[in-house]
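Notes follow once the structure below has been shown.
Chain IDs A, B, C, D and E follow the sequence of writing; residue 1 opens each chain.
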Amino acid sequence: MAEVFTAAALALFLVGIYCIITKRNLIKIVVGMEIMTAAVNLNFISLAWNGEVADPLASSIVLISIAIAAAIAALALSLIINAFKHTGSVDSRKLRRLRW
Amino acid sequence: MVDVTYSALLPAVLCWTIPVAGAFATLGLSKVGARARDYGAVLTSILAAISAASLLPLLPSEGLPIDIRFDWVTLPFSEMPLSIGAGFLIDPLSIILCNVVSVIGSLIMVYSLKYMEGDPSLTRYWFFMNLFLGNMLLLVLSDNFVQMLFGWEGVGVCSYALIGFWHSDSKEDWLKCWVGEGKESCPPSHSGMKAFIMTRFGDVLMLMGVFLLIVALGTANFLELQNGAASVAGPYKFLLLPAALLIFGGAVGKSAQLPLMEWLPDAMTGPTPVSALIHAATMVKAGVYLVARVFPIFYIALVADPALITFFQVVAWVGALTAFVAATQATVSTELKKVLAYSTVSQIGYMMLGMGVAGTVAEFYIGYAGGVMHLMSHAVFKAALFLSAGAVIHAVNSRFMYHMGGLGKKMPLTYVAMLASSLSLMGMPVFFSGFWSKDMVLESALLAGQYPLLMLGLLTVSVTCFYTVRMLGLVFHGKPSEHQAAEAAAGHLHLGDPSPKMTVPYQILAAATVAMGVTGYFQREWLVKLFAGYYSGIFALGHIEISEGLMPQLFTAALSTLFLLAGAVPAYLIYFRGRTPPQSGLLSSIRNLLFRRYYLNALYYALFVNPTMWLAERLYSAMEVGFFDRLNAGIAAAARSASSKLRKSHAGDLNYNVLAFAVGLALLMLIILVVVIW
Amino acid sequence: MSLLEPLLYPLIGAVAIIAVSSLARGRGLLYCLIAVSSLTASLAALLHLYTALPVAFTLDGFLPPNGVQLYLDSFGAFMALLFVGIGILAAAYSFKYMADDDGLEKYYALLLLLVAGLLGVAAAGDLFTLFVFWELMCISSYALVSFRNYRWEPVEAGFKYLVMSTVGSITALYGMSFLYGITGTLHISELVSRMPAVATPEGYFALVLIFAGFGVTSAIVPFHTWLPDAPPAAPSPVSALLSGVVIKAGVYATFRIMFTIFKPASYDFGLLLIVFGAITLTVGNLLVLPQRDIKRFLAFSSIANVGLILLAGGVAAYVLHAYDYTTAAAIASLALSGAAFHILNHAVGKGLLFLSSGCLIHSTGTRDIAELEGIARRMPWSGGAMSVGMLNLGGIPPLGGFWSKLLIMMAPAALLQDPLMAVCVAVMILNSLLAAGYYVWLTQRLVFKNAPAKAIREAPFSMLLPVVLLALACVAITLLLPSVIGFVSSAILPLMA
Amino acid sequence: MTDAVSITVAVLIVAFAIIAVEVRDLVRMAAAFSLMSVMVAFAFYLMGSPYVSVFQLAVNAGAVTVLFLALLHVIKKRRLE
Amino acid sequence: MTMASSFPIISDASMPVVLIALLLGSLAALLMEGRHQRAAGAFSTALLAALLAATIPMLLHTGVGRAFPIFAAPFVGSASLFADGMSSILVSTTLLLAAAVSLYATRGAPLARCEGGDGHSPKRGFFALLLLYVAGLVGVFESSSLILFFVFFELMLVSSWLLIGLWGSGRSLAAGMKYFLYTEFGALLLLLGILAYGGATGTMDLLAMQQAPEPTSAVAVAVALMATGVLVKSAAFPMHSWLPDTYHSAPTAASALLSYSTIAVGGYALLRAFQSFAPSALGDGNFMLILSVIGLVNIVYGGIIAMRQSDMKRLLAYSSISQVGYMLIGVASSTYIGSLGVVIWAVAHGFGKSALFMIAGIFREYAGSDDLSRLSGLAGRMPVTSSMLLSSFLSLAGIPPLLGFWGEVFIFLGYAYSAVGGAPDYARLAVLTAGVIATVISAGYGLLAVKRALYGAQNDLSKNAKDPPASMWLPVVFFVIALCVFGIFPSLLTDAFWIYVP
């Protein structure tokens, strides 16, 4: 039944990217990124699952990936705080001074 | 390359290098002093004349032609191995021409001593006069087309500088140095340019012809061209006729024949000695010389290509028409020098006529010798006319004949000289050179059976006589003009014969024309023998029996005398006796037509000059500014607007950035799906 | 141990800096020395390894096909040398440039981590290692971009960079997971042998995901939107690293995976690269034109240059796919050598430009080109070096940029009868014109205009030194052209296998 | 049996993700995200990777969610000030 | 066309020495700061004169090819410095011109004042760039490989663009930009052609070829591309619009060299391409006919527009456009004579146009303006300058004994041969006729300019005009004398001329 999770991963991936595209809240954008990471992790494991156990290689990758995602989330959230200091909001529309 | 005689080399080289060196020496001498410069310049021309004269002993010799050649440009790798030598061709034609040029030239230089006295730019004057002589002599002595072109263009440049000598175009002495009236009025700097550019038109045609000839025959040397022309064959044969006609274009330009005659009347803006030198004795004769020079080439080539007869016919017709047309214009001219200018054009037409008809018959020598003889006699009497006219203009301070009148008594020496040379111009039998030479031309037309040409020539005789008598009457007879009175009142008038430095040269020339007239018959026989003998060797015809009856001579003499009287008598009645000329609308419109030069000048301006100038303006404003500048600006603006539109897509919105990512990803998938997998 | 050395030294340096900082706070010179020396040690180790390529290193007990492996072949070594080289200069340059900032220990440590990440990417023997180091590189560069977080610009740029780049990384990882699904391994040499010889839709799916994912970092249009923001907002040495080498890491990863795992003979990705390369090239160049901020100007030009490199890779891939190997090999190696050479030139040139523009910014306090007009007359060394860089990247011979463009153009020009190749050449020609044009325009503004009225001092020596060294490198590339071309052509051999 | 569980878990993962994305209140969003992470951890467990599952629970469902909440707290506090 | 492929080729280390001397000299001039700055001009003049002396043996020992290998790189192939007769002539002419130009710029008024520049650009930079430009030109004429040719071509391009941008007058930045973009576009087309040629034949080095390549269609396309690129550089209609602004804005000394290079480099490159690299690849096709028609358009278009230009430098620019036309016709003749004509034409144009540009500078400085509509009657005030103006224009118009005459004669003779040498080609015959007749235009605009500036009544400007000091008119007189000497002894050039064919 790995295909179920493969499909779920794909859906999750799309949901994540959809979130980043449509949501103006910076925090939600970070959540979208996390959802995407979860999707990839899920996909890895689902593809590594032979019905009984998953390949340890995939497991180790997912472990690292989770850690990295957490680090990125932390960094992103600290940046959000900084952004909040500068703009007074967590709206992505306020982060539009760099353009053209 | 015939027998190389180095004894002829020295005079041939000196003949043209002395004036050229003299020209540059003048620049140095001018630092020494005015007299050194002036007399040095005159001396140079006299030395050139002496060198030229030292070639005369070669004339009857059997050794001619002498071609002395040096390597100049060799192109061994060229597809047509071409070797252009530098060298001198000494044959009867070149000997006669270089003597005419240098002797008359040196007389004119002597005349200039006084005439140009006190001009601030004398250094320039002497420089270009000597350079002119040198180039003219180089022209006639060259043994090939390319070297000849050096002299050819050299005289063009010098004439440009000399015609426009008084280039400040000062309105103060416009009575002396401008030319024309009303719409035709033209300052020196303009006419110099006009002369150069108009003759350049002829020159480029000639250049084209020379190129074709070189391609066809593989050489530029006159003698080699003569040798090759008879045997030209195959694909190159068709080139000869165009080449001949194009080369004649050069002669048309230089000799001011129809339709490129319009520069010469305007060229009278130069100082009078310049007019005498350029427009009587030397430069305008270059065209005749050229025709005489290429004559044997195409005459021989008639064997290969009979179509070449067209060339000779064209020459004859152009000459005859020019003679007539120019002569008619002289009848209405108000300016003394312009009358002489038209007359020059007209007389050169005779020479062309002689050369042209000569080529159509086996007895080429009569027309050919006639052309050369007329060239000689015309050089002498026209130089005399110009120089004495200069004296008149100098005295009256005006170029207009209606400012003159009644000068005969006040300037007797000048009057006599002018009368003698005028009679020669008219062709008055028997003691004037013009009679013999002109009759020879007419006779050749008669012998060739070219009756329309003969008729034109005879008509021209009448017209010539009419304007010559008119000129004499207006200048030397009748009452002094109001202008003279005004000038006298202002204290500018110095009526009377000028100093000997000026009178002697034209007296000599006038005497020469009479002398040539007196010996005319023998001169004629001598020339005919000379050329017939010389060219029979070239054409490999063997000995030519000169089968010239007396009857045609007498017949033409009678005819021309008849026409002479037909022209001279009415003019005499009107301008000497004061009879009122018949008045009619037709006559006055003809007069206007003639006065406006058959509208040829206006036509040229309307056809060439003004459209070119208009085009220059329009091309610049429409193409350069209107199109290319806009195009460049447009390209720049397009790039700028494309980038600024594209720039708008970078709104800096994070969501859009990720959207762009998603779209890119989708696009990638699409490409893979559509292009690669399917 | 040997292959680990170059990687370890920066990491050790980073740790050392943090450790030292607790003892002696705020000693910029010390940090800088540590950073430079550890990077130099790394460079020395790399050079030492260079004679013995390819080198592999395997963690004990964690053997292939599943284990973690470092593997350095000539292509990787070529990139690693570039990474370290620019890294050293950026670190040295930072000493004066960053002298007024606080928290320098973090700065230098991050810088070292960034270089370590880059090195790891170049030396990764399996995709897992690659990903780990990739993220190390990414995270440290996010932090570096937003290092001056007391200003709004670095924060905004940093956050945007973070989001874009993370989305990219995740996408690439997603693609890798499919690769893993197909073959059951992530080890590159195993992947090479286990990938089915015939292209499959799943394969293509993975390929597209990986291309797009790494494409974000290599700033391929339309994944490029972070690049115009991040380097301008970052401190100049970081900009030099970002624009000079970080985006090359993306290109490296793309080429490495595509050419070795998805072999061009099986997967027809040439067209993808050509289309996206051409778009990137053109859009990048067009967008340079309206820029008035000098660093943004340079950043957009980086996009264009990546496009050119991509286009070259595309030509190679297309040729390898569409023509038989004998004709294709020569052309493909030509195109790839050109691409590698251009990577070199662009890294050196763009590093030079960012560092020298940093000098200008340091002295004048502005990034506006209009205000920098004629600055070269006041700052002859920086201006002169910058001119070299501009002419280099403008493709003006005899500087290296010309030769790399030449090699890249030679490849499709040899197959002009192929319409796609002809289009490639046309695109390259037009874009070369644009590139030459705007670099010339910039040179005119900076060099030819009248000098600004106010007195401006030349940048300090420690900043000039890296700049001049880079300018000399540009010149050296020209002078040693035959050996440099030989070097890059041997560097790309692993891609041709 | 496991099929049903798998499908349920998969659906729940996606559902919680959608809720996390769409819900307006950020605290609820954090909660939904946490639940999604738990479901993912469960899926890992189902697929025979217990260590990963635990790690996922600890890091994503735990730490990251706490991070979100802390951030929300900071922002709310700042806003109130 | 078979041309002199049997000449021996010897190794000659003097060529790289000359090039390196130029490059180092450029650096040295740049380093002459402060008080030494004045010496930069003298230094560059002396250097150029010395190098000219060093290249004279190449002209005298004719019939020997000279080569010196420069580099061989993977993919790019080998390249040598290489000189045949054509190269030797053009190299010596370049150095001669540059020496005179350098002298003029040294002794003349301060560049900044003379050219309306900003006064900030140091003279040393000017001379440094001048030497760099000369290095580019020399390199262009001495490259055996197309790639090396392109490298020097760009070196030339960039250094001349810098000269215009830094020392030009008026809107020199915009003009420099236009110049750069146009010529760069041409250069890239050229590069494309070069690459296609390399792709089609496998080598881009003339000396590496055993024999000239087969004239396949791929070679023809490559050569046509190269030619098109060169046509942009040589301002062939309709790609000429960069030229007037460029010459107008460029400093006098640079315009002099620029106008030389427009014809010399263009003519050289086209001849090299058509004669050495791909003999007869395009010779029989309509390409040459089209080329000559473009040439004809150039002659007429440039000449006619020149007639009404009142700004003298702009007039000279349009005149250059016109002169380019002759070069194209000579090239299109595909004959030895026509090629010789092109080279002579380049030399004559270089001398004549340089003299004219210097006269324009003299007018600006010593007559108060170089606007012909403001000048009048200068002949009486500036006799030396005036006579030089007339002489130089006459050379442009092809009047003997000035060298321009021979150029015109050989060009049209060659074209006449190509038109009627075999079966008559009426299209070519028509072009020939029109071209020869169009030479009148050169005399027209020249004399019109002479009339406007020199003749007529004196006005306020000309009343204060006077000839400049000798050091400024000396280069001009030198050029005119050189034109005369070469015109009277053309074998100095014709004997040295040959083109290498593998």
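Following the convention adopted for this analysis, contacts are C-beta pairs under 8 Å (C-beta built on N, C-alpha and C of every residue); 3 or more make two chains touch, one makes a residue touch a chain.
Here the structure is a predicted model, which means the values were calculated and not measured.
What's the overlap between the neighbours of subunit B and those of subunit C?
Touches both subunit B and subunit C: A, E.
Can you give the shortest number of steps from subunit C to subunit D, where adjacent chains in the path must touch?
Shortest path length, in steps: 2.
Have a look at B-E versus C-E and report the one with more C-beta pairs in contact.
Ranking C-E and B-E by C-beta contacts puts B-E first.
Farthest chain from subunit D, going by the mean of C-alpha atoms per chain?
B
Which chain wins if you rank chains by how close their C-alpha centre is to the centre of all protein C-alpha atoms?
E
Between subunit D and subunit E, tell me the centre distance in angstrom, where each centre is the average of that chain's C-alpha atoms.
76
If you average the CA atoms of subunit A and of subunit B, how many Å lie between those two points?
Between these chains, centre-to-centre, one finds 97 Å.
Just give me the whole-number Å value for how far the CA centre of subunit A lies from that of subunit E.
Centre-to-centre distance between subunit A and subunit E: 65 Å.
Compute the distance, rounded to whole Å, between the mean C-alpha positions of subunit A and subunit D.
11
Give me the residues of subunit C that touch two or more other chains.
159-160, 163, 167, 171, 228-229, 290
Taking each residue of subunit B in turn, which ones touch at least two of the other chains?
Within subunit B, the residues that touch at least two other chains are 647, 650, 652, 654, 658.
Could you run through all the chain pairs that touch each other?
Listed by label, chains in contact pair as A-B, A-C, A-D, B-C, B-E, C-E.
Quick one: in the complex, what on subunit B touches subunit E?
Those in contact with subunit E are residues 71-75, 77-80, 82, 121, 146, 149-150, 153-154, 156-157, 160, 164, 167-170, 189-190, 193, 196-197, 200-201, 204-205, 207-208, 211-212, 214-216, 235-236, 238-239, 612-613, 615-617, 619-620, 623-624, 628-629, 631-632.
Within the complex, which stretch of subunit A touches subunit D?
1-2, 4-5, 7-8, 11-12, 15-16, 18-19, 23, 25, 27-28, 30-32, 34-35, 38, 41-42, 45-46, 48-49, 52-54, 58-59, 62-63, 66-67, 69-70, 73-74, 77, 80-81, 84, 90
Where on subunit B is subunit A touching in the complex?
647-648, 650-655, 658-659, 662
Which positions of subunit A touch subunit C when the two form their complex?
Touching subunit C from subunit A are residues 13, 17, 20, 26, 29, 33, 36-37, 39-40, 43-44, 47-48, 55-58, 60-61, 64-65, 68, 71-72, 75-76, 79-80, 82-83, 86-87, 95, 97-98, 100.
Could you please specify the touching residues of subunit C with respect to subunit A in the complex?
Going by the criterion above, the answer is residues 66, 128, 131-132, 135, 139, 142-143, 146, 149, 151-153, 155-160, 162-163, 166-167, 170-171, 173-174, 177-178, 180-181, 184-186, 228-229, 232-233, 290.
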